[in-house]
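Common to both upcoming complexes is subunit A, partnered first by subunit B, then by subunit C.
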Partner chain A sequence: MAKELKPGQRRVTAGSVVADLMIVAWFVFSLFPLLWMLLLALKNDADQTSTYFAFSPTFDNFVTVLSQRGQDLTSVDFGQAMWTSVLNCVGAVLVSLVVGVPAAYAAGRWKYRGSENLMFQMLSFRFAPELMVIVPLFVIYNTLGIFDTKVGMVWVLQLVTMPLVVWILRSYFQDLSPELEQAALLDGYTRIRAFLTVALPLVRPGIAASALLAFIFAWNNYVFPLILTDSAATTVTVAVTKFLGGGGQAYYNLTAAAALLGALPPLVLALTIQRYLVRGLSFGAVKA
Partner chain B sequence: MTTTPTSATTPSTTTAKSLVLRDLHKNYVARGRESFHAVKGIDLDIRPGELVALLGPSGCGKTTTLRMIAGLETVTSGDIRIGDRSIADLPPGRRDIGVGFESYALYPPLNVRENLAYGLKARGAKDADARVRAMAERLEMTELLDLRPAALSSGQKQRVALARALIRNPPVLLLDEPLSHLDAAQRQRVRRELKVLQREFGYTTIVITHDQLEALSLADRLAVMDAGVIQQFGTADEIFDDPANLFVADFVGEPKINLLEGVVDEDGTVRVGRDGRLRSAARSIRPGQAVTVGLRPQDSHLAADGEPSVPAEVVVFEDLLEFGLGTVRVEGLDSSLVVQTPADVRWRRGDVVRLSAPPQRVHLFDPATGARVR
Partner chain C sequence: MSEQSRPLPLSRRTALAALGGAAAVPLLSACGVGTGGGGDAAATANGAAEVTGSFDWKALSGESIKILQTPHPYQQAFQPLLKEFTELTGIEVQADLVAEADYFTKLNTELAGRTGAHDVFMTGAYFIWQYGPPGWMEDLAPWIQNSAATSDEYDFEDIYEGLRTSTRWDFEKGSALGTGGQWAIPWGFETNVVAYNKRVFDQRGIALPETFDDFIQVATDLTDRANNTYGVAFRGSKSWATIHPGFMTQFTREGGQDYTAEGTTYTAAMNSDAAVEFTRKWVDLAKNAGPTSWTTYDYPQCTGDLGNGNAMMVYDADSATYPKNKAGASKEAGNLAWYPGPAGPDGSYATNLWTWSLAMNAASKKKQAAWLFIQWATGKDAMNKATASTFADPTRASVFDGSFKQTLGGFPGYLETFEKVIDSTKIQFTPQTKFFETTEDWAVALQDIYSGADAKSRLDELAQANTTKINA
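Moving on to the complex of A and B:
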């Protein structure tokens, strides 16, 4: 006999138990490296290669990473690298918004010959391997004199963020009834004012989501700063790996501590905009 | 026209202007694809203050026509004139046309008051506040002024959208499917309201609709459109009683007109089915000619003795209180006929009835072209 279920109660079946177990297993599997890194970051130099969990935790590693000693070990000021990352990413996002928002509006409103090809072309920047373009970029950057500069980094990171902004915002603009702007046109506003005063305020949530998402993507980029910077414009992703060697010794504990510090800003951002992220990541395929 | 109290704050009734469309074409051309001729030469003369309904099935070009008048779509060729001014080349903001959009298109972040004032501000009107208040009073929606569109019912949204279209006092008003988002009860009420307001304000108005009841009840004259062409332009009675072609006859009328295949006989009557005969007032027919007979359910009656008639067997009879609807089968015809009966008549399944109709109500059409045979 089927028992009466209380509201919110789920029928427990063999299938649902197996499904839950699989979810838990996946959860453990995916979070384990994170746990390992956290433990590693709390270990001292002697314990760092041991695998047992009983050790006296220390926060020294975090202090070291940000101190002069860390800088001596890696020849990179980690705090400075964090700040550089912030500037690079904010710069890239700003450029993407200034150019990308009008582009997204145009792409969302008008169909013209090759418009879909153009959009696909832009999307292809997202899945083309960065290594494909890195060598020519290296040569070009040296020739132009923007190697190891923030301007150069903004320029290249914008390649990562712009397609994201355009694709996400296009779907927001498409969801907006064109009759809204047409009403504004009839009211005597120009195209541009109709865009600025009617359409733009209505996609503000989309702008916020795509900007933050773009920021995270730019922050996580590794290959571009690795090849296109040396020390002056080094980003946090590159700085983290410097603890792995160079001086002849690998400081796994310091690397882990640095990586945790470096992961903090995107993590905080991701948590704050969680609500918008789902739609952003699916390129707006799910109607909010 | 009604006189309205004119003070500084009341929007005075505009001097209504005529709206004329001359050989209006819209051709969507795309390279590599076949071009699409959406509107194929429309001529329409709308008198000052007149309400005309543009009626047609979806895809017939009526919305394209409206968008061309509003300036939201470029005109391929032809002319649009308001009064004696040609507006075909003006941007939408300078055409002086109010549009009520199907989706209402109210700005969601603004409240009703700001929505109404929005268009006035674009033109730098100094008395915007006073005009908004006056319009709100006139449309009895003062209590809505501080609400956002999201808080309004669809009936209220419709009213706000109308107020926004009217507030600039445009000589021409275009309404795109104004009642389509309302439920049946609201639809009737808003329909009457709309009619009263239009009379009172005296705007020259075009209403776009695919709903014939809406068109018949609202409009002074109807333009029935199909395939980018106006099939007939006239009053409701003209269109119902004297359809220009098969499409108009078929599209307008509820229940739908019966269309029967027939052949003109030696004696000038039309043979329908195996034994049926109907007399038509059409004079240009010749014996042996194949015709499509259009017979409205409302027009048929039981034949008197000696009158040419169509014998039919009752298949279904529906008693709808005010009238009855009989579905009958005629020997030799593929499709059945629907006949409207007076309230006191009851038919039973299997009854055999002899049907006839006044000759001037038996419409004949050319089966190949759909043109009316007169």
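Moving on to the complex of A and C:
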């Protein structure tokens, strides 16, 4: 007779061992680039392409990235670029939430002729390669005087964040029973008050998840800041690549250090709201 | 169940039409800008004639300009000097850097947009063939010739002739370089020669090979796959940039030619007997004595292998290899040396060049200030200071003979190599507006031959396709 398992225990079988090994292999495979980047960030110039694991680690690259020398190499203050990215992305996510949450609520609650087309159009912002629209955007931004400004970046990042917020949250609102709001309406609530006090609190995990995803997508965007900013509103993704050097003088170690520093804010944010994220992403997953 | 509101009077057809219209706006805008030709006449009119009176560095004191650059030793050498330009002219300079991999994407977008966002930009000579015909670049010849705009001390003729002609073209089919407008001023450049591991050559008593066949033999002898060392690194990736350094240099020395021109009609000649024989040898060299993943190799991998002691030679830009010889920069720092590479059968040291040049945006609204900057940056004084602090081939003979030679002590053979090839150094390609497309196709053909395709038939196919393309 098989031994009874305690709660949390599972039976060890050949299949489960193989499955575990495959998961470990997958983790090693998927995390190896990060490990490689960390190792590279700890190497000096001479070691950066000549060694694999045996070298004397140094934190100088992180210091250089944030120092005047880093600024001399790239003409950009990396710390300032990080801060600019934070402002751009927080601004973009806030605008997307302020506009996108009511839009998602409306899209989830009402159907009318063309409503699906409207949603499809919003999603289509993500269809076209960014480079396809970048020339007209560049001209428009210069004409309007918002080239190389944070306002300009917050605006253009709506192309990235808004569809994400609206599409994710629409499914949340669709999953919510409308009877809750109808009960509130019967109690004399206005439609806006019912939305704010009844529906909205129930989709908070979804808002957190979509906001985080939108933040990460905005943070990692490269083409828009590459073309639509120069030194004043340079973001972290563009600043990182400036450490690559050129003309035979490559600073892979500095680039890796800068990329690791650049990955910290979304990582910290993700860990901070991990609870909401897991709940938010699984919400609506079993929708019929 | 969702609530239903009153349907909006919006049919699918109307919605799609509206969406189609909205989507067309950016597309039409994209088509409307940057397609060359006429464009905004005011923006593209040459501004040199407007400058009159006597030359004065302070003429535009209080002005500011923006320049677009990519990180490079030349750029880094000039960066600390920018404040001297501001002291001299009273003009503030904002220098924006973009990583090399994306530099031309950004530059292309900016120039196509014709906003004049940056007044001055770094460019390579080949890019003039693409950016010049649409009218995106200012012809600098009228500026050079205008004594009110240009200092008496500028001495344009001091810039090496091969470089001056490489940045000059009239954009007419069949015309050679050196005719037409001066679209950029060479600022820094590199010759494509061989850097080698002198320590290993000396240890093994190997003489520098004088002919291409000897070069192949030496490279093969130096290859020891078991110990992860190989004879020679050169580029092999799917890019136009694979063709222009070592390949084009040796191709030309061996008697190869990319195109022949008769009137305004070109005929591709990369399938001539000499070209096929050379190409076959080059690809075999890559197989037998090159890096094992040759088809992914760009210059950072080549120079990295040289610095790490894996590659015994590199056939690429001289200034791409020198950083590896700086103390602490690589494992083999201090052990590297240079020589011109093998001569052709007729003793030719024809060498292809790359030049980073400074060009003026035709849409700039501050052309005189932009010209003052270009004039200063490519002038003797600034170039002397830049080359004294950082190692980069100066484009002026007086600077090379002056301050630059003093920096060459730790770089054996560099000076001799430079002096040997400089008179035969120029752009060895035929200028044509489909350069990047057709030259990338050439690199793809090399990869196909490397993978087993027959050299003669593959190059015939390439030549036929390229002849059609560039005459279209």
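General remarks:
Simple rule for what comes next: the second predicted complex is superposed on the first by the 235 of 288 C-alpha atoms of A that agree within 3 Å, B and C clash if a C-alpha of one lies under 4 Å from a C-alpha of the other, contacts with A are read in each partner's own complex, and residues count from 1 in each chain.
Keep this in mind: a residue touches a chain if its C-beta (ideal position, glycine included) is under 8 Å from a C-beta of that chain, and two chains touch if they have at least 3 such contacts.
Predicted model, so just to flag it, every value in this text is computed and none were measured.
In the three-chain model built by superposing on subunit A, subunit B fits alongside subunit C with no clash.
Once the two complexes are overlaid on the shared chain, A:Met37 sits clear of subunit B and of subunit C alike.
Once the two complexes are laid over each other on the shared chain, residue contacts for A:Arg113 go to subunit B and to subunit C alike. Once chain A of one complex is fitted onto chain A of the other, the partner contacts of A:Ala81 are absent, as it touches neither subunit B nor subunit C.
When subunit B and subunit C are set side by side, the one touching more residues of subunit A is C.
Contact with neither subunit B nor subunit C is seen for A:Leu97 once the two complexes are overlaid on the shared chain. In the superposition on chain A, A:Ile207 makes contact with neither subunit B nor subunit C. Residue contacts after overlaying the shared chain place A:Leu185 against subunit B, while subunit C stays out of touching range. Applying the stated contact rule after C-alpha superposition, one finds that A:Met153 touches neither subunit B nor subunit C. Between subunit B and subunit C, the smallest C-alpha to C-alpha distance in the superposed model amounts to 7 Å. Subunit A residues 113 lie at the interface with subunit B in one structure and with subunit C in the other. Subunit C makes touch with subunit A in their complex at residues 1-12, 14-16, 19, 22-23, 25-27, 29-30, 33-34, 66, 70-74, 76, 79-80, 94-102, 105-106, 109-110, 112-115, 117, 190, 299-300, 303-304, 307-309, 317, 319-324, 328-331, 333, 356, 392.
Those residues of subunit A that touch subunit C in the shared complex are 44-46, 49-50, 72-76, 108-114, 117-118, 121, 124, 128, 131-139, 142-143, 147, 174, 178, 226-227, 230-231, 238, 241-242, 244-250. For subunit A in complex with subunit B, the residues that touch the partner chain are 113, 177, 179-180, 182-190, 193, 198, 201-202. By the touch criterion stated above, subunit B contacts subunit A in their complex at residues 30-32, 70-72, 91-95, 97-99, 101-103, 105, 107-109, 118-119, 122-123, 164, 168.
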